[in-house]
Structure formats: C-alpha cells, structure tokens
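Got a structure for you, written out below as structure tokens; questions coming shortly.
Chain lettering (A, B, C and D) follows the sequence in which the chains are written, and residue indices restart at 1 in each chain.
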Amino acid sequence: MSHHSARFPVVDAQVSPTGRMEVLSRTEAARLSSQGQGGLKETFRNCALAVLNCGNPLDDGKELLARYPDFDIEIIQRSRGIKLDIRNAPASAFVDGQMIRGIQEHLFAVLRDVVYANGDSSGAGGAAPGRFDLGSSEGITDAVFHILRNAGIVQPVIQPSVAVCWGGHSISREEYDYTKRIGYEMGLRGLDICTGCGPGAMKGPMKGATIGHAKQRIGKPRYLGFTEPGIIAAESPNPIVNDLVILPDVEKRLEAFVRAGHGFVVFPGGVGTAEEILYVLGILLHPANAAQPFPLVFTGPRSAEDYFRRIDSFIGDTLGDEARSRYRIIIDDPAAVAREIHGGIGRVRAFRKESRDAYYFNWLLRVEHEFQQPFRPTHANMRRLKLHRDEPKHLLAADLRRAFSGVVAGNVKNEGIREIERHGPFEIHGDPEIMGPMDALLSSFVAQGRMKLPGTAYNPCYRVVPRAREEAPSA
Amino acid sequence: MSHHSARFPVVDAQVSPTGRMEVLSRTEAARLSSQGQGGLKETFRNCALAVLNCGNPLDDGKELLARYPDFDIEIIQRSRGIKLDIRNAPASAFVDGQMIRGIQEHLFAVLRDVVYANGDSSGAGGAAPGRFDLGSSEGITDAVFHILRNAGIVQPVIQPSVAVCWGGHSISREEYDYTKRIGYEMGLRGLDICTGCGPGAMKGPMKGATIGHAKQRIGKPRYLGFTEPGIIAAESPNPIVNDLVILPDVEKRLEAFVRAGHGFVVFPGGVGTAEEILYVLGILLHPANAAQPFPLVFTGPRSAEDYFRRIDSFIGDTLGDEARSRYRIIIDDPAAVAREIHGGIGRVRAFRKESRDAYYFNWLLRVEHEFQQPFRPTHANMRRLKLHRDEPKHLLAADLRRAFSGVVAGNVKNEGIREIERHGPFEIHGDPEIMGPMDALLSSFVAQGRMKLPGTAYNPCYRVVPRAREEAPSA
Amino acid sequence: MSHHSARFPVVDAQVSPTGRMEVLSRTEAARLSSQGQGGLKETFRNCALAVLNCGNPLDDGKELLARYPDFDIEIIQRSRGIKLDIRNAPASAFVDGQMIRGIQEHLFAVLRDVVYANGDSSGAGGAAPGRFDLGSSEGITDAVFHILRNAGIVQPVIQPSVAVCWGGHSISREEYDYTKRIGYEMGLRGLDICTGCGPGAMKGPMKGATIGHAKQRIGKPRYLGFTEPGIIAAESPNPIVNDLVILPDVEKRLEAFVRAGHGFVVFPGGVGTAEEILYVLGILLHPANAAQPFPLVFTGPRSAEDYFRRIDSFIGDTLGDEARSRYRIIIDDPAAVAREIHGGIGRVRAFRKESRDAYYFNWLLRVEHEFQQPFRPTHANMRRLKLHRDEPKHLLAADLRRAFSGVVAGNVKNEGIREIERHGPFEIHGDPEIMGPMDALLSSFVAQGRMKLPGTAYNPCYRVVPRAREEAPSA
Amino acid sequence: MSHHSARFPVVDAQVSPTGRMEVLSRTEAARLSSQGQGGLKETFRNCALAVLNCGNPLDDGKELLARYPDFDIEIIQRSRGIKLDIRNAPASAFVDGQMIRGIQEHLFAVLRDVVYANGDSSGAGGAAPGRFDLGSSEGITDAVFHILRNAGIVQPVIQPSVAVCWGGHSISREEYDYTKRIGYEMGLRGLDICTGCGPGAMKGPMKGATIGHAKQRIGKPRYLGFTEPGIIAAESPNPIVNDLVILPDVEKRLEAFVRAGHGFVVFPGGVGTAEEILYVLGILLHPANAAQPFPLVFTGPRSAEDYFRRIDSFIGDTLGDEARSRYRIIIDDPAAVAREIHGGIGRVRAFRKESRDAYYFNWLLRVEHEFQQPFRPTHANMRRLKLHRDEPKHLLAADLRRAFSGVVAGNVKNEGIREIERHGPFEIHGDPEIMGPMDALLSSFVAQGRMKLPGTAYNPCYRVVPRAREEAPSA
C-alpha cells in the first residue's frame, strides 16, 4: 500500500527473509521490540530506515528521521519464521509495490547484527553485553571476528580476493565513472569488492565489478559493505551489496576493513577518506607490521592528480617518507590498478600461507588499543588531541585520524551535528608544522566541494588552531 | 598411517572440515587445546573418540577410554581454516586409509558444540559460562534453542517433518529389521528421522529411511542425531546421521527432542526407552499441554507385543488412563505407523499455524523446571525420589523418569558405573503400588535381555524398595 | 602466449569447456576438423573468430578474416572431454593471458550449434542434413524448436520473462545510455533479456539488466543472444550473453526471436532494425495471429522521437493503420516501457495458459512459409520483389522485409558486400507510393548516420526505383 | 483415484516431470500418441507399464499385459510443459496416492528414450529412422553413444567410477544379502553402480551402495540402469535407479554396459548372466582388446562357490585358458571385491589417460559387428548357430552368447515365449565337446532354481543336440 505525501512518498509492506534465513529466539524478538533498558528498538528502527532510504542522496543523519517521522518496523512471528511489518517506508525501496530484494536482505542483515552485536544501548560502546571483553585489545579484535563470522563474512577455504575500496560518497561524475572502470577491471580479475556502503566511490566499483563478474561467469561474487549505526543514514548501502555488516562503531568498522580485506584502493574523497588513510598508515607504521604485505593504491582520473598530490604532501609533511613508502599512486589507469591489487593479493596469500595466518582474517596485523577505542567527537576530546611533531609517528597518525573523524561527525553524523549546533565549531590544536598542512588540506577539500553533497554550501564544523606544544591544554 | 595392535588397530590422520565449514577464533582454538580452568580439551577428546569408534558395539563408557589410551586430537591452524591432527584413532572409522566422510563431519560437529555449549567443565551443568541464564526455565529453553540454531537444526520455511525415533540400542535382529521397515515407510512419505544416535533402534530407522528417500529423490534428507557427552561413548552416532548435535546434558537432550521433533515413535528398548516415555508423558500430562497435538506411537513386530503390553500396564498402574490416552500402540504394521505419524504431523502443522508457533521449535510446549534440571544419579538422589501415588501425575512422572535415568547411568555411563562400583546398587524407594509394577517392568527388561548388549550377563545396578509414604527419608 | 603485431595483437591458448559441458562423438569431432564434403571446419572457424573478436567494433565481415589470417582452432580429445587449441586469437578476448569465461562459453556454444544445426556447408540452407524436413513450414518451425532445445533455451516450468530487444549496433552515446536504463528497469522487474548479440542497442539492455538483476538477487538471469553465421562477425556477442545460439540463417534467427520471446522492445537502429520491424508486423498482420497478445514497444530518448515518427509514417503509408495498432511508441520513459512489457507479458502468460500453448515456445503463432524461406540477396532477387500497394498486407510486409534484408547484407555481410563489389548497387523496384516513403526512410538513416559505425562514410549499396506495376520484371 | 479389483488394484494419476525436464516438439508428442506407421504408442505404453509395475516379481512379459488390460498413458500439453495422464496403473507405484518420485522419473526416461532411440516400430532394430547408420559397426557404436549422451549418462570431467553389476534377478536370500554387502563396500569407496535394472542381483548392490554413499556424503551418487523394451517387463527398474536408459535392443544394451562401465562384477545368476559373461569374454578375446585393462570379478557367498566353479569349467572347456585369465573369482569377501574393482578402475583411468580415450565412453574397445547385430531367437536362427571347437574363440563366444540369449528369450520375453508356444523348444546343435558342458551348465541352472522366479516350476524352452560338424545344417 502506498501513500502519497507531497515530498516523500511512503509505502507499507510485510517482508519475509530472503536468501540467508534468520530465526530468532523469543528473547531476541522481545528485545528488538523493546525501547527500554536492554531494548534494541531504536537502533533497529534507525538503521532499517537508512537501509530503506538507499538511492536518495542525503548527508545529514538528522534529516532522514525528520523526513519519515511515521516510519515504523515490527517483528511478526509466523510458523515458518519471522516477518517484518513495515509502515511508512520510503517508496524508493520498492519497484511497482515490491520491495527490492537487495534492500530486503539488508533489513535482515540489520536485524541480525543489531541482535548480535549492537545490544547495548547504554552508549558504552555497542557490543552485546557479556558476550565480549571489550576492555582488552584482544577482546575487541575477537568481537570484530565474531561479528564478521556471525554475518557469514569469515569463510574458510576460499582464496584471498577482497579488494577494499575507500573514497568519497560525494564525487564528480568523472571520478564516479572512473571508480566503475576500476571495479570492472577488478571484477574481470575475479576480485570481490568491499566498501563502506553508500553512494559515490563506494557504489561505483561494485557496479563496474558486477559487469566484470558477469562476463567472467563468477557465480557468487561478493559485494561486502561494512557500516555502523552512526554513518548508515548518510551512507545508505546500495542494493548491490550482498553481504552487509553493521559494526557497532567507527573503530570496529575500520578494524573489520583491515582484517577482512586483502587489497586496498583509495579513490578521491573528503575527510572520511583522509580518516581512513591515516588509520591504515598509523597501523602500518607500527614496527610489528613492517613485514606485512599490504597492497595500498591511491587512484583517480587525470583530474584527481592534484588531489592525491596534496594528500601525499600532507603525509610527507606529517608522517614522513616511511609512511609514503606504504602506498602507490596510480593516475588514470584502471587495468594497472587492478593488476597491482591482484598481484599484491598474491603476495598477501603467500605471506599468510607462510606464516599460517588465516586467509579470511588478518590475525597477525597488530592494531594497537589506541586505534580500537571509540573516539567520541566532543569539543573537549577534539581539543585534547596531541598533534605534535615529536609524538611517535603511529600515535600521531592515530590522533590525526581522530581529528578527521571529528570533522566527519560534525559534517554528517546526528550526534556530531548537534554538538556543533550547541557549541559552535570544534577547535583542533597542534604544532604549526602540522596545523599548517592540515588547514591547507581541509581548505582544499572545501574548495573542491568534497565536504558535502553537490548543490549545498559548506559551513565548516571545525577551526584549526596552530599552537606550540607548551600551550596544549592538559588532558 | 595405521598401526597394528593385537586387538584394537589404530590409525593416524589429518582431516579438514567437510560440508559445513568451521572457523575458530584464536581464543576458541586455545580453549579446545587447554586442559586447565575453562579448558575444553578433555570433553572434546572424549566425544571425538566416541564418534570415531562408531560401529563397534560397546556399552560401557569406561571401556572405550581403556581401549584407546593413546588416542589424541589436536587443532592445527592453516591459512584456509583449521585441520584436526588425530593420533591412534580406531581403525574402523577409515576405509582403505581414508576417514569415512560422515565421521569426519561428526568430528567437526563435536568441535562446534563443545566450543559453543559445553564450555564449562566444572560440572555445574555444561553450557558455556556467561552465555545463558540456566537458573530459569526460560533460560534453559533458550539455551536449547541457541544450541540447535548454532548447529543449523532450527531452520525456517521448511515444513514440519521430523519423526523422532526412540528405542533400545540393544535389540533383536527381528526388532532391528522392523525399525528399518518403519524408517523405509516414513522415508517414502518424506519424513526426516531424528534419534539419539547409536546402534539398534536408533540406526535402523535411518537405514530404512535412506532407501525410502532415495526412491523419492529427496535431495537433502535429514538424519538428526541428538546426544550428550555422558552417553555418546555407549551410543556412538552412526555415520548416516548428517546433523549431529551434542547437547550439554541428558535433560537438554530430551528437551531438544520434544521441541524439535514433530512426531514420535517408540520402539522396544530398555530403561533408556522407559526414561524417554516417562519424560514425554510427564510433560504431556501438564494441563498447559493438554491441547497440543503430539503424535506418539509405540510399535514393534509381533514378538514385541508383550513388551508394550507391560509398558502400557505400568503406565496405567502408575500414571493412569489420561497418560494412556496420549499414545497409540501399533503392532507389526509399518505403513500404518508411518501414516499415523504423517497424519499427526499434519495436525501439528495446523496447530502451529493456528497458534503462530514456529514449525521448527515447539515454543508453546510447557516443560516444567522439574524436567529441565540435571539429575545427578547419586545414591542419595536416587533414594530421595518421591514415588508416591498421591503426587501430582506429572511430578510423579518426573521422578519415575529420574529413577530410570539413574538405572541408565548405572548401566552404561562412566560416572554412574563408578558410583555403583564404589557404593553398590542404587536403592529406589516408593509406594508398594508403584514399586511393584516398577520391579516387574525392570525384571522383564532383564529377562528379555534389554539391559545390556547381547552376549553379556547383566548385573543389576539398582534395588527396588517398596515402602509406605511415612517411611520416606526427608529430602 | 601472446604475440605482438603492429595493429592486431594475438594470443594462443588451450581452453576447456566451462559451465555447460560438451561431449562429442568421434564422428562429430571429425566433421568439425574437416574442410571437405560434410565438413564444418570453415563455419566453425569463422564463427569462433567472430566470438573472440568481441569488443572490437567492426561492421564488415570480410575485414575480420583479413585482420587475423593466421587464426586457427582445433579440437583436442582428452580423457575428461574435449579442449580447444586456439592460435592467433584476438588478444582482446583475454585478461592478463586468461580467456574471459563468457567468451570461452561462447566458443563452446558455437561448437554445439555448428555440430547440431549448421551441418550443411553446401549453402542450401544450413540445417544438418537429414535431421529436419526443411521443405515444409512445420518442418522449419520444428528445426528452430530443436535448435533452441538443444541449446537449453527451451525450458519448461519457468514463467514467461523474455524481453527481446532490437535496435542498432551503431547508435549514439545518448541512445546507448537509454538502452541501459531500459535494461535496468526491466531487470528490476525480473525480466530476462534477449537480443541479436553485438554492440549498441543489443548490449546496453544487458548491461543495465545486470545491475537490476544484482539488486534483485536474481540468481540465474538469462541473457539470450541469437545470431547466425552471416552476421556474427559484425555483431560479435558481448560476453554478458550467457545463452548464445547460432541459428543457421537470418530467417530461422528471426523465427527464434518471435517464438522464444514474450515481449518486444525496439530501439532506434538502421535497416536491420527496420527489417525486424517489418518481419514482426508482417506476421502479426496475418489473420490467424489477430487474437495473440504480443507486447511491442518502440522507444528511445527524446532525441529519437523524430526517428520513430518517420518509421511510424512509413508503416502507416505502406501497411496501414492495422499495422500501427500492433505497437506503442514510448519516448524517454524507461520505467513506463518496463511496466508496459511486464504487463504485456502477463497477458501473454494468460493467453498461453488459456490456450494451453507452451510458455517457452509460441507454437500458436502462424509464421507463413514466405517468412521462413531464406532470402538470398542477389541483384536478381532484389529486383524481383513485389512492392505494390495491392499485394495483401502481410505479403507486402514480407517483401519490404526482404528489401531491407538485402540492404543489410550489402552493408555488412561478406557475401552481400562481394555482390555489390561485383555488380554495383542493388535496384529496388516498386510502386511510387511505396518507393517514395522507402527512399525517404533510407535517406534519413543515411543522414542520421545509422548505416555504418561512426566515423565511416556510407556508400549506399542500393538504388530505389519507383515504377508502376506493369513495368515490373517478370519473376 | 484408485480402483479396487480382485487381484491387481490400480490407480489413475496425472504426473509432471521431476528432476530432469522434458520438452517435446509437437511432432514428437504426436508420434508418442500414434499407433500407426511411425507411431510409438505401443512401445511407450508397454515400457511405461513395466516401469510402474516395479516391485512385483514377474518374469513373463506376456503376463504383465494381461494383468493390466485397461492400463493407458496419454501426453497432455500444458503451458509449463507436458504431463502424463495415466489410467489403471499398478497401485504399487504409489504411496498414499502419490506416485513414488523415482518411478515418476522412470516414466519420463522411458518417454525420452522412446522418442529418441526407439522410433522404429517396424521391427528393423529400433533406433530412430534416419538418425543413425545402423549398417556399420561404427554407426551402431555411434548410436549407443548418442543414446547415452541424450540420456545424460555420458559426462565429461568426472573420474571413472562405474561398477557394472551383473547377476540373476532370481537369487536366494543369502545371495541377495551378499550383493547388498558388495554394494555397501563399493559405495564406501565412492563407486557408482550400474545394473540391468530389475530385482535380485540388480537391486541389492544399489541398496547397499545407497547406505555406503550416505555415510560418505556422496552428494549425487549414480545408480545407472540399462534395459531394453524386450526385457523391461521382467526386470522392472527399481526406483533407486536414478539414471534409467532404455536401449533399443539386447545388443545395444550390452554394448552400453561395456562402453560406459569401468569395472565389472558378476554375481550368481541364470542364463542371462551366462549370456553377459560370454558376451564380455568374446569381446575381450579379440586381439585388439588384449592390452585393455578390464576389471572383471565373479563373486558370491560361500554357497555360490560351486556355481562359479561350474561356470569356470565351462569357460575353460569351451574358450580355454586365455578366457579364464580375464576374470578373478572371489568368494565371500565383499571388501576384497570392492578393493579389486576400485584398484582395477585406477588402472582403467591410467590407460585411458595414456591413450587419450574418454573416461566416459570406452571408444577404444573393439566390438565386432558380430556382437552388435540383433539376434532374433527363432527356431531357424537357433539351429543355425556354429558351436564348434575350431571356430575362432571370439566367434565361438559370440554364438554361445546367442544360444544363451535365445534361452533367455524363451524363458521370459514376450516374443520368445510365443515362439516356443507355437513351435516347441529351441534346438541347439553343436560339437559334443561343447554341447556336453553346455547341457551340464544349463541343467545345473535348472537344478539350482536359477531359471525362473522362486515357486514356479521350470519347463525348459530348449533342447541341446550334440552333433558332429558335418551334420550342421547349412546357413
């Protein structure tokens, strides 16, 4: 049944699981319907709405809830399993009154992960209470592993093939077409695609790979999408994603990428992309990871050359040449990128085999507790970052990552936007030698329109404050 | 590599998972290899040995360990997943040096369930610490559900089809052939078979059904085997079982049967079979279950008529006619039994649909806490049973069940056998009106050779002591 | 192994069947290797080369053979089946030295169909000698059926879903993108795509549908490609096609379309497209087909509106309003086209069910012998066409179809091009009332660049000669 | 709908294809319904009835038709494919009113093969007119290949695994159980089973293998049954057979066995078994086949030792020691038989690989025209056999084979029985040195009850006439 409203048409529907089947215990069903203590209703409802809103560019978490105030989702128990009763859902999720199957699967992926891993609504971090030991680095890694395993992502036997693609959700047509060509070339070489869901550089490679996979008759290609409740509204998964996982927070999502992926491609993007670059470089700079093969390519069409030159300079200025040695920049050559990743994954395979590490999960990669702990982007936390030249490089990378993470939150996340509305822009303090390049980089993002969706003016949510070390506020 | 010893030849092997794939976290693998606090090594090793010993009749848990003192099993991590390194395994698990695939699958089922559900070696009940709330009736049911779901037993969409078959592991050739004929007729009607694993009445229906399923081209027939660590050595799963689950204890195993099964067939057997009959009648006598359709047929060849007449009398004498109304006795008519179960499952289906209960798990069946709590068969606990005419019928059934359970333990379980060795036979006290029929029934089992495997003399592990109520010892 | 030549790099390879497996008898293998009487080597070699050349726009059958003079293909017998030994194949069929799987499948489809249906190299019509009775209308239809059945195209049980797409292989970027959008909308609605293979309007709908099918998780989408030895060099199948059939000649290919398809979409094209339109209208004008639902939509982007207006006028001028009533023109509305076809197929389904005709083959459609007999485009045959107003409409349509067919041959087919080289342009005679509109239509095709691939000048292979009836040459 | 008649209850039903789907052209459907020239109705009806009568021991082809005089089968065309409308079919083919799926598949296998290969009702040999050249040895082999390929039996890629089992349809319980044990051991080793359909030694190995395959989780085990219209009534395929092929006549059926099988086991049997033994030895004695590995084992329980001793003597007396060197006799050791066949198939595999012959069809085996030509068992033909010591051994084997073939026909085939009724027993003439052993062997078959089903008295259909060569009648 569809209703017609002026701007945002909605539809009611009942949907059954498709493909992977979900069975809930009575307790689990009750928690999904409960809004009280231990209840999961709100998280489930919000993520479900985001999934249903796919295809509608939007980068303001708050706005989605405002558009569909009457949206609701309920679990119905039937003899043959559960159904979802959905009201006032975005009409774009339907074709002639039928929900698109890919979106239907996403709804049940949301349900699965919210039950399994996002149990705690107390704000303490997300993962199901009691199930994991989130106080230790090993415990967090274990949680990421279990969430991926429960989602069917971790599979033995199969060969390494996961190419992670990072990049902006708001990119130009030319850049978007370029991401499709890269996906096509990777698909022709049998690589699977993993992205953060959402439009732009996260969708293009999957579309291209779909054509490549079809030509190669790859029967069960994998299009992995890793997201988290805070970003899913702005980066709604496109329905090609056939393995969607909702990790509990930003840090576990990033850890999922680096442990489940085998090769890494970075397309042009904005601050989110910079955050991902700094996260991965921070990890790779750790001495324990020095020997790990880790194929990492920055690429774009000719027009993106300047963008990557600036990123490269920024990395050189702040983290130095060792960091620069961990990636290659390839401009306007999709087949070369695909060959580079394909070959690199071959080296990853040999390394894992040699060291008896699993193909499906990079256990050997050292991810310091620093990179695992959730960062709440408050004004106080942002001000407290240590952006100094004399910090160890991988810790400096960690705090630079947090700085960009805060800007992402201020740009598109519900919580971050509210902070900014309440207290004004974040202040980011640090050595002038770091603040200078950072300001330049952020300004170039603004100038290139990489901060927001096209057609909207950007109002910066941050202020860069160069300051000598002694001036830093105490933690 | 095979070694030749005088009596029990052994083989070494490395095996990979087949069919369902298992992936372990580093923590899980460590626990399976550890014998200390929280370690699972011993349970894993013992269950694995039982699985490998299939096909060798044996009903003394102690003896198995004595036969293969050098048996060992280790987990090896490889890039494509885990392997098991097995030493000094019973040669009968192999054909020309290759492990039988069905047994290989059973090893990985053992691994899966020991990791998931049998975590606690402290003896407090078995299920993984922290995962379930075993203090409440709902919590125990939830644990049973989760263990079955984790094992892939609980599947939505498919129609009710599970025929549970109970009966002796030590039966005559004629009775065994009869169980095959029943299995064949049920297989022809598309029913799946669920038993407690092991030989005799637990194997025959599966063999028969295999032929019936082949003729009906049933692509993925299900042969479910539910066992528990205490009984698996004596009732080693036959390799036809393609969904093996190791529940943590007797009571959860029984609950798994009644919640996952749709129809129930009881063949001749010994005390174990009597235990199962009393368990199910005790539950069905609960007023909350009065409306539940629950197809239950006792059947055997002509020669078993007397056996069932005695059981029927015993039930009439102790639990009364209401209990007798919950089952049908059908002698020597396999097609009639199969039609009765098939029709009954049709009524179960209608009832579940009507009441919106799941086809795959009987949530509505009330199983009182009494029936869920593990019963440790010590001399004190056996003496304390309340076998009095004026107890509520379903509680009397519960204690009768425990009495038979104790005899089973004394006959074939490692722990029970040691108790008897140490303290002599169990004493079972109760009203003469109950103790009389009980003694008669047990004596008839001894006379009919239903207590032990053929060719061994039976030495009773119990003593029936009729006593008026006032004489009962206080709890 | 790859060789580098100045312009057309080539590769050697040995390939095994993938997907559908082919087994040859000794006799069949011998015929495929033989160039003499009854030998199939030349047809096999030429079609194989066309298949391997996919992705390289080319519309001159002669040129392909000139580009790869050393290309060769041999059958090798191995214990596990046959292999193909290929030398000097176009390098574009390979990715990093591996043949694209889709192309590999096409090679074996060529092999299958050449063995089964293209046995006769004598030119007498193509189908395997002795197997079919090609002298009767029923016999020809039977041959088409058997060829499709042997290719696995005719499948029972499945619902009608085949949307045939016709249109030019040489279209503008805007038109091409439009065909992708139509394909996408049809894919979202679960429709399968059938085209004549080749680039342009025959490739776009498949690419679009691939994305739509991925979003709908359609497990085994069908991309049917029907071609014939005379056209395959110019319209090399794109590798998305996963059910390729090589029919023996133009007429059987056209009959395959109308009998296996359920809905029909016509995009802008050139004379080939006009030929297809006249063929289908000629059949639909037969009184026996008056009651058949037959969804037929002409569609294109806004810029194609003029093109279809001209076609529509031409049909009105020559065949009249009854013909015009059998199609709908929809401009620039992909979702509307998909809905129209989807709905129309629903009516086809109802009609077939009602009349007990097969979903998988339109047996009831009357195709007159006139439309089935191969037309050899010689100067004499072209001159002999009866393009007169007073012919019965469906016979006039048949001869108009032949006229356009001759122009296609003169434009792109090996044999036709040689005829023109030898004897100059074809002369097409007829009533001025028909010749006028025909000349106008053909001229508009030339003006719009629809006669040849972009970037080549068109040199007409025909001359329109209006002439009153009495002037017609005798047959 | 079921009817009750005094002795032979019947059922009406409509059945659809299951598993492999069949699609008929209009012409094919018409021929199956036609009884006139080129019509296939009678063959189809008779074979269909035989298939439906499975499970009812019967060895007189005439009797079956008498039991079910009103049986009829019609093809119905529906939109989703064909259905069969069946009237007055044997009730034993149904379970609770539903036709057993295996039997349903057999009906459609009959349909497929009758259409494809048994087209000619003129009696000239069976295969579809025009399709094959039955005048040459190569042409007949080609026909066998095409019939098997059309039935999906000939499959590339898979490894050699087909163990052909020959033996009596009327054997003792002990012998039957032994054939099950052999099947079980072969199933455990992954071998597929091929027999001539029917009960006894043709059913036991399949039942045993079904259990072995289940334990080894062999997903798609193959149970091949090769039969022919003349024998199918007496040897109705058991429903475990999942690849049934109806070859046109005795000789093509035998050739199918030796070309599609990889290992050969002979159980005790009667004249049919002797016929098979002589057929295979005749072929193996040809010098061109001397180098071919061809695993051939005669086996039975201890009680069958005498039987095989007699066969062995007969072979020694008539064909000599070279013939005796081509088989092994193994008594009462199922695992040894399975290992012998399994190892022998390994040698077959190596030989085929080395000689590049197909795994799926033994092209290299020389089968002389002598062994391929249908033998019509008339009194004249029987009298004309050349059973002389100085014939070349492989030709003597051929005529001995024909002699036994004639006795089979006289025992159980419709046509043969009528001949005997009309003209009295066949006369078999030959050298006393051959006639002596032959008479002894046949007499021992009679004495051991191997000529007929248990419980029926045997009335010999032949008379052995020793006679010196010069007395032989002219051909």
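Note that in this section contacts are C-beta pairs under 8 Å (C-beta built on N, C-alpha and C of every residue); 3 or more make two chains touch, one makes a residue touch a chain.
Bear in mind that the values here come from a model prediction, so they are computed numbers and not experimental data.
Among the chains, which has its CA centre at the largest distance from chain B's?
C
Just give me the whole-number Å value for how far the CA centre of chain B lies from that of chain D.
45
Taking the mean of the CA coordinates per chain, how far is chain A from chain D in Å?
Here chain A and chain D have centroids separated by 65 Å.
For chain A and chain B, what's the span in angstrom between their mean Cα positions?
Centres of chain A and chain B (C-alpha means) sit 47 Å apart.
Give me the residue numbers in chain C that touch at least two other chains, ranges are fine.
Residue numbers touching two or more other chains: none in chain C.
Chain touch graph shape: choose line, ring, star, complete or other and state it.
Looks like a ring, each chain touching just two neighbours.
Go ahead and list every pair of chains that touch.
Applying the touch criterion to every chain pair yields A-B, A-C, B-D, C-D.
Which chain C residues qualify as touching chain A in the complex?
Checking each residue of chain C against chain A gives 18-19, 95-96, 100-102, 105, 188-189, 207, 210-211, 214-218, 223, 239-240, 242, 339, 342.
Quick check: in the complex, which residue numbers of chain C touch chain D?
These residues of chain C touch chain D: 17, 21-23, 25-27, 77-82, 130-131, 138, 142, 145-146, 149, 154-158, 349, 352-353, 356-361, 363.
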